[in-house]
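In the two complexes below, subunit A is the common chain; its partner is subunit B in one and subunit C in the other.
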Partner chain A sequence: MTNASNDNHLFRPNSYIGRTVPRPNAKRLLNGRGNYTDDTKLPRMVHVAFLRSPYAHARINKIDKNQAIKAPGVVAVVDGHDIAEVCAPWVGVLAHLEGMKSAEQHALAIEKASWEGEPVVAIVASTRALAEDALELIKVEWDILPVVTDMEAALGEDAEIIHESLGDNLAWRRTMDAGDVGASFDHAAHIIEERYISNRHTGVCPESRSIVADFNSADDQMTIYQSTQAPHMMQSLFAKHIGLDTHKVRVICNDVGGAYGIKVHAYPDEFATVALSYMLGRPVKFVADRRESFLSDIHARDHRIDTRVAVTANGEITAFEIDDWTGVGPYSAYPRTSAMEALQVLNFTGGQYRNRNYKGRATVVYQNKTPMSQYRAVGHPIVTMITEGMVDDAARAIGMDPLEIRRRNLIADDAYPTTSASGLPFEKLSHQASLDKLEKMINYAELRKDQAAARERGVYRGIGIATFIEMTNPGVASYGVGGAPITAQDGATVRLDANGNTTVAIGVTEQGQGSETIVAQCVASALGITLDSIKVITGDTDVTPYGGGTWGSRGAGIAGEAAVQAGKALRENILEVAAIMLQTDADSLDICENNVINHRDGEVRMPLSEIGRICYFRPDTLPPDFQAELVATRHYVPRQYPFAFTNGVQGCYIEVDIETGLIAFKKYCVVEDCGRVINPQLVDEQIRGGVVQGIGGALFEECRYNDRGELLNGTMSNYLLPTMTDVPDIEVAHIETPTSESELGAKGAGEAGTGAAAAAIMNAINDALSPLGGKVTQQPFTPERILSAIGKI
Partner chain B sequence: MTTEKRLISLSVNGELQAKIVEPRMSLADFLRIELELTGTHVGCESGVCGACTVNINGQTARACTILAVQVEGDEVTTIEGASESGEFRDLQDAFHARNALQCGFCTPGMLMMSAELLTQNSKPCRQEIREYLSGNYCRCTGYEAIVDAVETVAQTRNARVGEQDD
Partner chain C sequence: MKPAPFDYVKPASLEEALELRRRHGAESAILAGGQSLVPDFNQRLRSTETVIDINGLSALSSIEESQDMISLGAISRYREIETSALVAEHAPLLKMAIPEIGSPAIRNRGTIGGSVSMADPGAELPACLCALGANFELARAGSKRMIAAQNFFTGRYETALDNDEILTRIDVPKNRVGFRSAFHEIARRKTGYAMCGVAAHGKVTHQSVQNLKMVFFGTDDTPMLAVNTISVIEGCAINDVPPAELDAALSEDLHPSDDTHGSAKLRMHYAKVLTRRVLAQFVSAHGEE
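Up next, the complex of A and B:
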């Protein structure tokens, strides 16, 4: 840090910034005392179950509810027409995604269902079991319609058009053409073309989506308990679509059992639950079962990408070209749309490299499968797979070492600020330092020797390297400018209580990342108090300042900075009071470990509890013209950069059993640069957990559909997730390049692990298979695909 | 669909319980809904994910694939009971220190399994820990911290036994 920062409370020796501390709020979870949404039990609460379309595309001719309404315990049976009277439909487009179109979507399908699992009828009963019993008594007359499943066929001339009002199945298309790609390909020593396929998968939150809506008609107040990442966004949406004023809607988000981007969307069944409570005037609970989670949670990453890379004989990459296709289900998700993943593929590909010639096209189409949208590391795993796949392709073509070609082409650490070929602004990244660190950490030279020795024995091992960029700290450019009620700013309110303890209310939420812990660390450091004297409150729109919630790796960088500034503001307020009480200048005082001290010599002058006592109980002893303010609120939004890019590199060493196609991890290393590290253990665990989610997509996870648009593996026994024996120990190291946009300097770390794992694994497999002339480019890299690549099957 | 309700009596966390339940009610739902022991979580409802793991008569079991009527007369321990008795406080402390949980949804089940492992194998290697817990899914941590925490507790318990031997 610079000299000026030596006096900064954040970086003093006793600061909590940069220190591993355990999460205070984890204790209740360890004792079985968490409070997840399904644990909520309210007087007169009833339960909803949904009849979901068994067909991917079918017209609803008639719904016979007569038997169901008479079933035991049933309170209401409601179809799409009924619910539309209290819940307005929506269209999942954003203004800044020019040309994007989507159809009007209702909480319950009207006229026709467009994916297998779309909610059609809601049954409310005294228990969930009774509601499910009654579902079997509903008779629906369906007309089965032709389905659209393949993404490219969706735009074919004879394709069924899912929404006639749209004219075709094209959701959105954008192209990019930077530099002179044509000339680069004309002059390239080698041009390598490849098709990559990223598989459709989903988040599989351990706690499924859950909501309890409680409308009290006596005071016109809707209270919603929801497992969500964005309470204020949901407040706006529920208010808008039910037709209530925003202040009449309170969203409470208690413990969340995993979210990963899946719980940042507005879902039709959750709108329906809120609408039902509004209709019935009593609490209604909806908890998705696992089967309906697979059918209705947002899916992601279903992409087919044709790539072309140009490289000179001496290893200079001179052009990237991509054509990305994605099928996103029948509706664009609300309110974030289903185009962001493709947008990020288009914008981010090749972004870590100096090359200025880049051409790309992204095509987003509608199809009759579960809607796709944002899931952890939106687009990044696809971007990194194709970018680092192309770079390895180029290296192989000219016989250059994969580290060497990266070293020659990565943007140099002294070249900042700069932009990518696609125009992404980079404040300061550390690709070269990260790569150097990874090379040492993974012991690259020794691994190459081991690999050669193993090959002598007929054992196939491979090293995979994947450098990456990661988008964090999203500003208003992501959603706000497009017209969505999604704030990029966050606020923190810090209050000194009468006994000298501190309460912080903040707009981000806690899903286990440790949001509350790092907020406490930021406030404690800025204010000068100990961690055990702080309580952090999140997840209540009635209580916390307006904030975006926890997604897009914004917690540390944005909420952390708001917490720092609020803590500083309260310190100033406290010192103003203390100076009056001690008859000295505020400048001569400071706060350290819950005491007001002399700035100069550290002598303790009075505890904060004394400040609290005087200000709250004996203000009569203070000057009559002075009013103490022991509450401070500060907000923060990044303005200089539209988002804070981070970077890093993953490296893995694997062994491929060429008889079974199984792979075994020998080593897995990650170097990442999230700027200022607030809590090293929490950052490392974000990386590890992220890598394992990435391993899931790379090796196991896939939503498999047949040509009728039916999901074939909607249970945890046949949708494979990584288990404890499938994954390695992961070494994590950091380079710290703080952003100078905020005082804290933190960037995000939530996407880094997931974003590059599939690329590193693919490159390692292909390195191992290269003597056999085989290559995999389609995720998941299953034993079958590996054996097929080397001609064994 | 509804069949006649039945009276069942059993011990849960050392307390005798007598309740009238539908035969189709799972033990997980019984614990959560009838007894309000919400620390037992339901993740997959098919015995795959392990979030609902409880202890029945000294052995772990998946509460989502057992019916409440099947545990008539049995002794059931849930995360609430184990926490209050303090029988694996060291595991909980180690999970806390090592951040071997994020969202915490899998954690009660993970603790029940880890505790059972350490009663059966006091010196498990990392691979043995991974294998014993491989039926418990965690989506947040990447598992390494959990292996570290269990390994630490095994080592600490062994060191304590070693001291007593001296």
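Up next, the complex of A and C:
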């Protein structure tokens, strides 16, 4: 039964869609009543600490555990051979990444360690401190092996081969050749070549990776409390590698203190923790400390890209060409692989522009550093840095204003649907409207005047513009087709209780960004109830519908739509009951603010609490052939498009101190189009937080290694994160171009801030330095690199 | 990140603390603000048998004035010094420097004695105290001695403090008429360690700077008094210090090395930039009168 009168529920005046409402969980977290994985304390629980390889590449000759086993409080000392008996190894490849190869990886290293920080021995003790004490008593005899650190040298003739079984250190390579790049370069007025470098950094979560595994041998049940983004994925993986049926593994994900893609991977130390619980038959807790987080959390964005761009005298960009190299550590991450960054660099570069001639190559190699894989805005910061770097290179070559060259080359707002040169399908984007909005917002013409006046005084200011595309709402093409147990769909179950309140269980997770608030807004609007009558449950594989979790900017667009459809389905069920009780036609009724009302005049007919009371306690008063269903479940996955692209533009105005190389932000603006905005404040917070992480990569964050493959700055005092005093006010504005694929029309917003920040900042620095003839192309843009670029040091 | 096991004692009096120090010597560590010591323990970069917590010794937290000096108890918090009217009046260099130390949370706990005893080559206050000609009181059970700041710092994280001693007081000579202070540092982040910094103090006239103490930090293992640079500056008119001589003198005085935040080359460049900033500040400070 459909109810035509309710079709526009989402967008009626009192809808929660498009409204800023406070997050229900904010008060709990601010009161210190959050429930993080480390807050889980179970009877008979023990703690694990890992002995990690101090060398980037070394053979393990002998492990002497004798002293450690006798140390106070120690329950077990376990090496790679022991753990391999209960935890099967894995290989981080996906079928649709043709030709990709990786080696078998174990929970604890066997025979040799391949990066500094790889877990080698697990010590289980009654406290973490005692486990760490005992750890100092383990003696390992190492044979230090030659290391591979430089990504280009990794494929050299005399390079050490990290995994002999692979034959060489090449993980994966793909090329692309669209249009006629050769002809474009032959006829270009200007060809500009540049090498861009993005250095390794990582996503530093306030809450480090944490897991408690509790195996109950009496009912063969493994319960896992984990700080993760993807509970159902982890359930499948733990079941598979420990050898349990999936329904015997329950993954519970309570509060998560930031994840940023770091917690969407399966880590060897977490597999080891689960395996230890299985071996010992008691709960085992592992909470990564900060040092081991730096050594074992996924790193990202280590790329060197040679670029070439062709431009005509009147500013038409006629070709882009890139050669991207990346070194991803010794193993491809599991189960998403370590090739996605390179794949996205290859696929997305130049994607916002009309140009049809594009040639690219991506090369992914193995090396003896911490594994790399997905981190917030996977590949996008590199894509945007090189694309917008090339566009500014072209503009400078022909003396054209950076805004003007973009205006001439961006895909026009009336050209949709269309595709990029690389074949990305675009449903509808708003590059031109976004650029126009940014121009006004940042007051571009005035800034140019201020810049000129400042230069007269010997003050160097610059404007940086970076347009971008952003992949969101990923469908099955990302992982499912490659054979990974990663679902692209998500499900929501909405239940009316006996007092007329509503519980929603949903597959996405909450990691501090407000997913639960978005879900509540979607259900409340679709169902016609108030937010305070809704409770949202996430992060429990025994309880929620099967879902992908939170990654890839999918929460609002995919889970939000599932929540809308489940809310609508329950509304229909409720109105069916109400129509019987009120002896009227369901089409004449509606639900508004927790009451069944007349659709025509809004008159309140019955509170939902009465529906609940009758259906649960007095079903005898309903017709004998009628059964009320006050629970509805709906699932959703995008099918028409493999992903929903969003777009936007970031602009910043900065001042470079040419004596110190330090940068001061004068203005920072973002225009962003994530389709339907569900909660403006949450979207703006996502953009701002994303920009701050982008600023981190642009100016501060860098995992620095020496030539022995040792991480030099794995502490919070040496790995520089931006703090509140280092970041500007960030102004955010929106263009709304909803996707027509879903009723809600929402696309993702979680990664857009991160994707373009470094590009905007780089272009601003280079604009500021242009009178001095200097240019920076290597992230992070440190004082040292800036001063070197202008010959000061 | 759990520290290796240690015994913890919190003495109620200085005498008790000194007795504990006498008994445990090299196998003890003094806990003041804990802003460097505790992270070192947690990372197991350092361990000890006995931690002697001196935070209960209120006698060590006073800031007092005498005829020609102010005396800072060793556990005076950065924040207390930053907001002290006595310090503002008589040792303005300290007031200039303290906002550059870490974050407010660190300044609420960290102590001047802790900073001095830790002798971190990147720390602000050791350089300031050398520039001001401060003296430190070191106590051991039954006796005390005074040592000049300049002689106290012996190496990276190394000082003249003996294993049975506790740093109890810091005496800073009061600012004299015509003397000026300047403090500058350059850090990657506002709340982070300086790559290079300078504390300067001297008598500034419209013609020249005399009695100058110019002490760099973040460049060498200890706070580094730039003797050649000082002699170049003192030998010239304040407005007319020849840049080439200045740079050559700095290259002789300082011995920076590479680390993760910047190269030796960068630090030397910064020393040159900061020296010019100090001079410009002295010129303009004098012009204001």
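The definition used in the following text is that the second predicted complex is superposed on the first by the 786 of 793 C-alpha atoms of A that agree within 3 Å, B and C clash if a C-alpha of one lies under 4 Å from a C-alpha of the other, contacts with A are read in each partner's own complex, and residues count from 1 in each chain.
Throughout what follows, a residue touches a chain if its C-beta (ideal position, glycine included) is under 8 Å from a C-beta of that chain, and two chains touch if they have at least 3 such contacts.
Quantities reported herein were computed from a predicted structural model and do not represent experimental measurements.
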Name the contact category of A:319: first (subunit B only), second (subunit C only), both, or neither. neither
In the superposed arrangement, which partner chain does A:290 touch: subunit B (first), subunit C (second), both, or neither? both
Check whether subunit B or subunit C contacts more residues of subunit A in the superposed model. B
Is A:715 touching anything from subunit B or subunit C once the two structures are fitted on A? First, second, both or neither. both
Touch test for A:727: subunit B only (first), subunit C only (second), both, or neither? first
Touch check for A:596: first (subunit B), second (subunit C), both, or neither? neither
Once the shared chain is lined up, is A:206 touching subunit B (first), subunit C (second), both, or neither of them? first
Quick one: is A:129 in contact with subunit B, with subunit C, with both, or with neither? Answer first, second, both or neither. both
So which positions on subunit A get touched by both subunit B and subunit C? 129, 133, 136, 289-290, 715, 717, 723, 725
Which part of subunit B faces subunit A closely enough to touch in the complex? 1-2, 22, 24-25, 32, 36-46, 48-49, 51, 78-80, 83, 92, 95-99, 101-108, 111, 126-127, 129-131, 133-147
Across the complex, what residues on subunit A touch subunit B? 22-23, 26-27, 29-36, 38-39, 41, 72, 129-130, 133, 136, 203-208, 255-260, 289-290, 511-514, 681-682, 685, 688-693, 715-717, 721, 723-725, 727, 729-730, 753
Under the touch definition given earlier, write down the residues of subunit A that touch subunit C in their complex. 127-129, 132-133, 136, 289-291, 659-660, 662, 700, 704, 712-713, 715, 717-718, 720, 722-723, 725-726, 782-784, 787, 792-793
Subunit C to subunit A touching residues, read off their complex: 1-5, 39, 43-44, 103, 186, 188-193, 195, 260-263, 265-266, 269-270, 273
